[in-house]
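Okay, so subunit A shows up in both of these, paired with subunit B first and subunit C after.
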Partner chain A sequence: MKSLVNDKPNLFNIFYLEAKTETLRLFRTPGFSIPTLLFPIMFYTFFGIVFSMNPATMPTYLMITYAVFGVIGPALFSFGVGIAIERGQGWFDLKEVSPMPASAYIVSRVSLTFIFASLIILLLFAIGAMFGDVRLMRWQWIALALIFVLGSLPFCAIGMTLGLYLKSNSAPATVNLIYLPMGFLSGLWLPINFLPEIMQQFANLLPPYHLAQLALKITDMDLGFPVALHVSVLAAYTLLFMFLATKAYHKKDKQ
Partner chain B sequence: MKTSQNEPIASIRGVTKRFDDKLVLNNVDLDLFEGEVLSVLGPNGAGKTTLISTMLGRLSLDSGDISLFGNRPGALEVKRQCGAMLQVSGLPDMSTIKEHITLFQSYYVNPMDYDLVMAFSGLKDIENQYSKTLSGGQKQRLLFALAICGNPKLLFLDEPTVGMDITARKSLWEAIEKLKSQGTSILLTTHYLEEADQLSDRVIMLNRGNIVREGSPEQIKSQINTKKIRFNSTETIAAFSQLETVAKVSQVARNNPNEDGSCYFELESACAEKTMAEIFDKQLKLRDLTIIGAALEDAFELINNEDSLQHNRLSE
Partner chain C sequence: MKIKILAIIICIVLFFMFLPEPTLEKTKTKSGSTELQKNGPSQNFIIRNVRFYDGNRLFNEVDVSIVDFKVAEISNQLPAQKEFAEIDGAGKTLLPGLIDSHTHAFQSALEEAINFGVTTELDMFTMPEFANDQQALRDRRSNTQSADLFSATILATAPGGHGTEYGFDIPVLSTVEQVSDFVDQRVEQGADYIKAVYSSDKSKIKYSPSISREILAALIESSHRRDRMLVVHVDDLVSATEAIELGADGIIHSFMDKVADQSFVELMVSRKAFIIPTLSVQASVAGLTNGTKLLSSLANTDYLTRQQRSQLTASFPNFGIPAQGFNNALESVSRLAKAKVVVLAGSDAPNPGTTHGLSLHGELALLSLAGLTNEQVIHSATGAVSKVFPVGRRGRIESGDLATMVLVNGNPFQNIEATKDILQIWKNGVAYVRKTYDDAVNPLQKIENGLITDFDQQEGSVFNRVKIGKGLAETTDQFAGGKSTVAISLKDKIGSGQAATNHYLHISGELRSGFMFPWSGVAYMLGESMQQGVELTDVKYLVLDAKGGSQTEQISVLLFQAGSLSPIQVDVKISSQWKNYRIDLDEISNLDRKNLTNISIVRAQQLGKFEFMIDSLKFE
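Moving on to the complex of A and B:
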């Protein structure tokens, strides 16, 4: 048998090209970029600014919760729907048998999620500051932006798992069926204390609720539960879904 | 280049694979050597794609062993020596041909020069087009470009010319010949027997997961010794079917005879010389005579029929 040369290609170059190709592709796909960018902005402008019930706190509160809603979108859709469709086409199989390191696939989509998340955050901050009269300290703006961007990670893991299990034709509908109700029940559209007690209890199980509470802590608008609780729930979700995704990825004989 | 001609770069030993209860590969043994083009032929469901999938490490084996470059299939070090063209129904729409190829090249240690990839695939003029706008044949050429862009030592081509017109097909054949002459080993599945006939050093025929024949295209063709005799004649079909050495007579375009009432006939004969002697003895008049040897297609049909008969007999 001939032995193999153990040279390796430049991993960072692969990461860079993979992320660049994927990001360019999605910016050129209006079906992805327009709803992802526009929905959180549109909802926030309606409910947070134009029809705001309490102009003193509402624009700030909803800017934060719609930012959470906004960053979950690209995470769930680029991973969940993207992978499911590529699997349906056989393109994912081709990537899988190519020497692409599996890490490149994940790194590229996480970077892409971060880029879209940052854009959504910037737009929401700008609208909040200009039209909603949102006034925050500089550290608060920065802390919020960091929480939102990093907070998209558990949803990347969830999206990846969905993408690896769902069928391509049902993936968009299924992801929407998870995304929208989960956002509402986590208090992202309306403040959580507007919801009945039982629904507030249920929200404890949902990761967007915990991400929103974590962010609302920065402006002292949260319900007052410890940071550790929110962080551990988010971490637990991330680990659980990373495990499920790894299992699905390494499963052979998948069809 | 061919220093290790006797050492296989890929070897398959006793591989058996079932999907649920269906036996898809049955105790398959196969070696692939450097610089060799091996075609896997067989009807739909014969196990061709499954064979490739097992070699790419995408399927678990029920029994047996596969080794590529002395390593297990699916290992990253193995993948870096391989290129694959699979049956893909769609590619990411909004990336250009150039972006796709540049990305795939980055996965390999010594990728093929970009201009050379373009020359092999004939995509230079449309390198900045989004894959969304490509025709079926152009998509196939892009998939071929992605398979070869890493300078692979081993190339898997699963039905590479499906959806290609004859010009595109011929230019792909040319590319395969060139890659082969550079020492690339190629495993090819195809429905087009002409393709296998022209390109392969060796052919295996799969049927129901079994290798039913193995050999060079010439060896396989020589296993059937019938010849086809074609000509134009005003005689009736009965005149030819009475000949002793003729196995089968068919009248070509029966409903559309020429003005003088003549028709084209095709005779199959195990001994063309004797048949011709018979025809001349009986003074049957012929025009436009051709005698041709069996094509791989005929061998294929015959072997599959034999195999199916045997299979039916066994299951009775």
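Moving on to the complex of A and C:
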């Protein structure tokens, strides 16, 4: 009896070990951990606090948008760049033939994204509260953190698709080319109403814009569109890219 | 592993526990008590059979429905809706939230404004720090407890010109080259429009230095280039004419030197310029006590703070403008209104004789007195403003707008006084509960007669040796940006034999130019703060011994009322001998003894070195 039970693989343990090793690996890859942690913090300190145009609202507003910027970074990079590189090195194939369930691979990367996202959120909240005089109700702080963490999911899907399509040597550059302009155009660097009208219209197509609007609703700083719109756009993006990722995965198998 | 994860979770929970929350200010007010307010209309409701003004047009007996904070339908007969509260509007009038087109907003201005149905204020000079905070709030639906603010931020004036006398360190204009940068800075600091102060070289009386005609022209050009309107403060007809000729969008203050002549009226018409007459403050400048009258016309003054009440009864120093000047202003407004020039209601609160909120109602009455029809008068504080200033939908009520409106009892289109009879205020669809400030809730300390100090008490520093009140302090105009100095010390009366126990207070220093009203001396602090003073109703005399130094023959006693920065001044001639002086408080006009914060004994106005001594201060 005892051996039978032990022979059954403990799914949670697999998930945990995979996530732990991946996390360790990423923390030991300064090329990933330092920019993803540092960029949002640096930009926020710079634009949101030191050169804040309006000390009353800007630190709060930009803390939220840079947190969005911060959480989509690890999602795009750990999935997009990570998978592309592992495919290039053949590591991805090795994992595929290992007895580890495929879900562990995804779960570990999602939890990795959550861990990095949480770190960024905690750092930004601490800086905002200490140096930007950001004052929010307890529920607002918590709701924001939850929105940010869960809001990284659509970007995990986008990252996964990118990782499966892109070539390993071009992936970091391509992901950066998507990440940075998308952040800017979605009004994550500067408040969206500072951008020209036409760019504001265009932002409607971009998922970070919708995540930011959702979060800004918590502090009553959003543009006033319904929650359902933002949620459904984000959900649509998630589904679309999950579908594309599955397609890419099967296409890869046939090659 | 489990312990590690647990530790991390605990850390995160602790982190969130320590994130700062906003500090909620608790106001010491009683909530209003009318039936309507108690029941607080729910968010969906219908007002039936109400006289309704949408900011531009008047409708008699219509039904207005409010759904999800917005005005939904305005119709002759709306069907009853389930779960909609119904308000009987018969005999009542529904107006858009009122707009005061000229105020100076700081401290609690916007809370005071909404308490009287003024839901938007156009500020014409305040510090950008205050304005920016409030401007950020105005487009939020949650901003239901104070009026929305639009602001010119810092005004454009000359070195030493009007606007500099308040002691704030503000940028001033002395050359045309500075103008463009000045306007850019204002726009970047969030100015919704630009305000300038101008007095022509042809003006008969110049109250203070003014920017030149060329600077005004450059200001107009730069403001328009940055897509901002330029409004000009003027004191006389010739300055007003020049400002409009140069292309200013509007003028502030209906000048009192002359009546607007036909050519000025035609100029205003052809340029489509507007005027904000601010009759309330003009009356006050001309020495009329309309603020006091407004205060006494109220059935219930509980909606005003103590500070507001003293603002209403305060008066300007005498500018030498005859009361006839005010009639000139009324006549000019009448002529301009007849020629269909846009007139906007602005109170210029909180200048002496005016206060935020209530004084707009006073202004409406004065505009009516000037001969505008009541419909024109109400238009001037609602729909007319949104046609001129970039205030969005404010001042109007149409289907789809957030319900920011005022329900008043009676018909202000017949009797303008009815605007003050407020039944309910809504801001962004939320019923606003008017704040009341009942004196009984928070009584002030009443001062008994007796010895204040003879400076002979052994203990404590020179500043603590008082038996009544809070203490003494040095006071100079440095507080307001001036440069005067003071030195205070205890000295012994020579030849008294008991030198060590017979002290007096020796005050010396120098009055230097730097502030419009230089002063230097000692302040006797009575109250807790600038806002909360003490009651002095039982005191009839302030008694003191005083003696002048070699050249000092006059000192001044300044009586500060709560919330007011302009004290009442009583001059006392002194000599080189110790003498006893009794100041009869009953003889001081305009002194409200209910809320005094400090009595300062100073040398004022005459520049140069001074020296005087005081002893044995008493209330009798």
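Note that in this section the second predicted complex is superposed on the first by the 243 of 255 C-alpha atoms of A that agree within 3 Å, B and C clash if a C-alpha of one lies under 4 Å from a C-alpha of the other, contacts with A are read in each partner's own complex, and residues count from 1 in each chain.
Here, a residue touches a chain if its C-beta (ideal position, glycine included) is under 8 Å from a C-beta of that chain, and two chains touch if they have at least 3 such contacts.
Note that the structure is a prediction, hence the values are computed from the model and not measured.
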| item | value |
| --- | --- |
| A:Trp91 touches, of subunit B and subunit C: first, second, both or neither? | first |
| Which superposed partner A:Asn10 touches (first subunit B, second subunit C, both, neither) | first |
| First (subunit B), second (subunit C), both or neither touched by A:Pro101 | first |
| Per-residue touch tally on subunit A - higher for subunit B or for subunit C | B |
| Which of subunit B and subunit C A:Thr29 touches, first, second, both or neither | first |
| First, second, both or neither for A:Glu18, with subunit B first and subunit C second | first |
| Interface residues of subunit A shared between complexes with subunit B and subunit C | none |
| Of all residues in subunit B, those that touch subunit A in their complex | 4, 7-9, 56-60, 67, 69-71, 74, 76-82, 84, 86-95, 99-100, 102-104, 106-110, 130, 143, 146, 150 |
| Residue ranges of subunit C in contact with subunit A within the complex | 1, 12, 15-16, 19-23, 132-133, 136, 140-142, 190 |
| Residues on subunit A engaged by subunit C in the complex (per definition of touch) | 16, 54, 56-57, 118, 122, 125-126, 129, 134-138, 141-142, 145, 220-221 |
| Sites on subunit A touched by subunit B in the complex | 1-10, 13-14, 17-18, 21, 24-26, 28-29, 86, 88-91, 93-94, 96-101, 252-253 |
